[in-house]
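What follows is a set of structures to go through.
Next, two complexes with chain A in common: one pairs it with chain B, the other with chain C.
On to the complex of A and B.
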């Protein structure tokens, strides 16, 4: 390949980029819906002390982490940077646990939340798999340079 | 840079997750831990006494945590079927078929759960209850089931724990509350009771009998310091012959004799027995004194300030700080109700005396008036008492008693009390008087001014009745007070003794009763109208007296008798809406239409001749206050008209020309079909 000159091969994964794009829009919807559901739950249901507050704080944390993860993921994929991909993949772990918390362990899990969190988990899983694959391909291309 | 961010968020996220999960574990574990038998005392006692078998506590029925207890509360009869109790295991299916309904207390848990887990319980019955709420926002996973169940119903075995629970949850208690210790101030404040001491040294308050709901006298009413008051109430008796001389309330002496008024409440400060808090202080003082002998005397001497000065044996009645009642003036009425000079000398008042031959109870108290002279915070300096004594015949069963108390500042000139400043105050008498013209001594000009009675209760008056409803002789009349609509009536008795001859006299009596003597001609516009500012007074409209003449007709009828008078006061608020000041616009006196009164007798009274029997006619007067205030009306600007214009190609696909609303029939069909389609598919 090197003998053919300065031809560049695009290693960025298109499915991964599509996923990141859709995930961004979906997460915005998810976050607003989740926040509204906390309003609903706070109005309707009795909460043990401090549970509601800490869960809302966790929702804000999830928003920050997820935005960073998506940013590093999509930029890393486009620029074929391994380090960005690593950050994105590692950030999958706190996002995974937080979403699992909202799916399983929070005080009241509404049916709508189950659906929302499940979709987000599907996004997360696919991005994890494709992200690792893309990172591996970047890394292999790195060795040939 | 990115890596540090990542580590930061990673750690915070995990820390928060850990906190949340541990909190979850705590909330679920908390009810379970309360259910555990908490007997630390027994475990500590165990090593000292080696395994006493009798001390083992009886096992208590415990229910699992967070479960619904009492799924069949209607099963009350053991080993027999309870009627209409579908969950009773003793009932056969045949029994159950005869039930008209199922009585069991339907368990109503949180209906936001997606599927109610208790439905299974009811599925075996023929009565199906489906409480499933399967919408999007039902609770899919419930990590807080404890919210539906009671917790912490542990049996309490120590009194300390009982007291703790009592303090937390007790709402009302029947146990005696610690009454706040009676505090005697250094001086009277307005509204405070006026304290008295009687001959035996007992402490009391100066009473002012008030009318209870049946207008009988309520002797437990208390006069308030600095609160001038006039009350009127009815004293009843069963037999005046027996009670005339024995009933205390008819005797003038009980209103002042053997009674003294405390100059200030400070008099009683020294008489207070050592309070309970004081004794506890001494108890603690003693216990500390056992340990430290140095300061024994200090707390003891401070704990009982009263006993050191006051001698327990002296009678409080002899205290120099008490004020004697002085007898001011006594008005006497003879048996016909006329005011006469009293037949006894001053200094004391004779008690009521019943005259068996005439049947009159003489020297009965008709009114009591206290006049208290005070000097502000210096307290009361003098108390005067005045009486009106009169005679009541034993045929009467009640008498109207009037009580009054007035407070005067020492060495002060009695001021003219206004009825408002400037607007009338509700409850204050209407300022009314007559217009007089005098010739000024200095300039010789005619000066017009208003003459007003010094007794503010006789300004504008209505008739009032005696206790038995008959019309009073003029003098004691009800004042018209601002803002209080009132109707009063009294009865005139007409005897069939050639009734027509007294018709004119009768009408004069009635008119007199309606108007009183010297009825005022002018009413003040404001509550503080000046007497010389004639412009601030309005003349009372209407007739001064009935226009028609009363004439007799045959022997039983008086024609054109006016039996009623109505006063209508038109007023209007002025000033700020938040601080309205009523101003009187006009006052009208209106007599009722003249009517014929005919003597009619009923039944046996007629056959007896009817000469001595009287017939009663009601004479009515009323006062009405009519609010003629004009409230402000807002004048609003017109709504602006919005000049809008659609873009010329607004209906572009359907219409290409710029002329608006030129839709063809076909296009309208298309549009409607589209709208209907959209609505259906919604």
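On to the complex of A and C.
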């Protein structure tokens, strides 16, 4: 919190926090749906031997990175720490490319996957914009302290 | 407070599921048949109308809150929570029936009954 005289101003962004909360729930849904779709694709479609394994590993990695990103983002927003926000914004990059991989470059792209990934990308973009704005406002308050 | 904490993600996830299945439906049916398309457009307008209805209910709820004092608030909160639960249940059942529409290729005429229950 930025202390200015006696009053304290809360700089944490509420829309960003709402987005992180909903993104957490949505990502759980996304991950389960994606895992089930990999089961379906593995059953029905012929895969080159290494592709399926590598895509499933990528899905697990995406889960880990996204959880870390959401944790740092929401904690950084609540405690108004610049470092955590920077970590969260930098972690946007691998998450973005992994989601783009699932959207565009994987072996078989199902129609449901396109929709799921598009919604996740919308979340990601909004969080990126609002996260940068929140970080800038924290940094400005830091200079005036 | 526990009810509120539970109902927000539930509402959100059912809405997302409904959204996904609806987009899927449009995507599959757009190229196929013009009659189906008109039916789907009707469905879309019904959804819009339902959304408008929900908005008006919410507005009236807010109005009621500002008018009534004190302990009526808890009753109104209960009421809006119940409304929210009903809406969630409706969206969930609609998503399930729409997924039957996609996967089992039910007849379009059957859907007028489903839409009838929506109103």
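As a working rule, the second predicted complex is superposed on the first by the 141 of 145 C-alpha atoms of A that agree within 3 Å, B and C clash if a C-alpha of one lies under 4 Å from a C-alpha of the other, contacts with A are read in each partner's own complex, and residues count from 1 in each chain.
We take it that a residue touches a chain if its C-beta (ideal position, glycine included) is under 8 Å from a C-beta of that chain, and two chains touch if they have at least 3 such contacts.
Just so you know, these numbers come straight off a predicted model, no measurement behind them.
When the two complexes are overlaid on their common chain A, residue A:25 makes contact with chain C while staying clear of chain B. Touch criterion met: A:55 reaches chain B, while chain C stays clear of it. After overlaying the two complexes on the shared chain, residue contacts for A:14 are found with neither chain B nor chain C.
Looking at the shared chain after the overlay, A:36 reaches neither chain B nor chain C. In the superposed pair of complexes, A:101 makes contact with chain B only, with no contact to chain C. Using the contact criterion defined above for the overlaid structures, shared-chain residue A:122 touches neither chain B nor chain C, since it reaches no partner.
With both structures placed on the common chain, the touch criterion links A:68 to chain B but leaves chain C unconnected. Of the two partners chain B and chain C, more chain A residues are in touch with B.
By the touch criterion defined above, A:136 reaches neither chain B nor chain C. Comparing which residues of chain A touch chain B with which touch chain C, the overlap comprises 111-112. Those residues of chain A that touch chain C in the shared complex are 22, 25-26, 29, 111-112, 115-116, 119.
Residues of chain B touching chain A in their complex: 2-3, 5-6, 9-10, 12-14, 16-17, 19-21, 23-24, 27, 112, 114, 135-144, 147. Chain C makes touch with chain A in their complex at residues 9, 12-13, 16-17, 19-20, 23-24, 27-28.
On the side of chain A, the complex with chain B involves touching residues 37, 40, 44-48, 50-51, 54-55, 57-58, 61, 64-65, 68, 72, 83-84, 87, 90-91, 93-94, 97-98, 101, 104-114.
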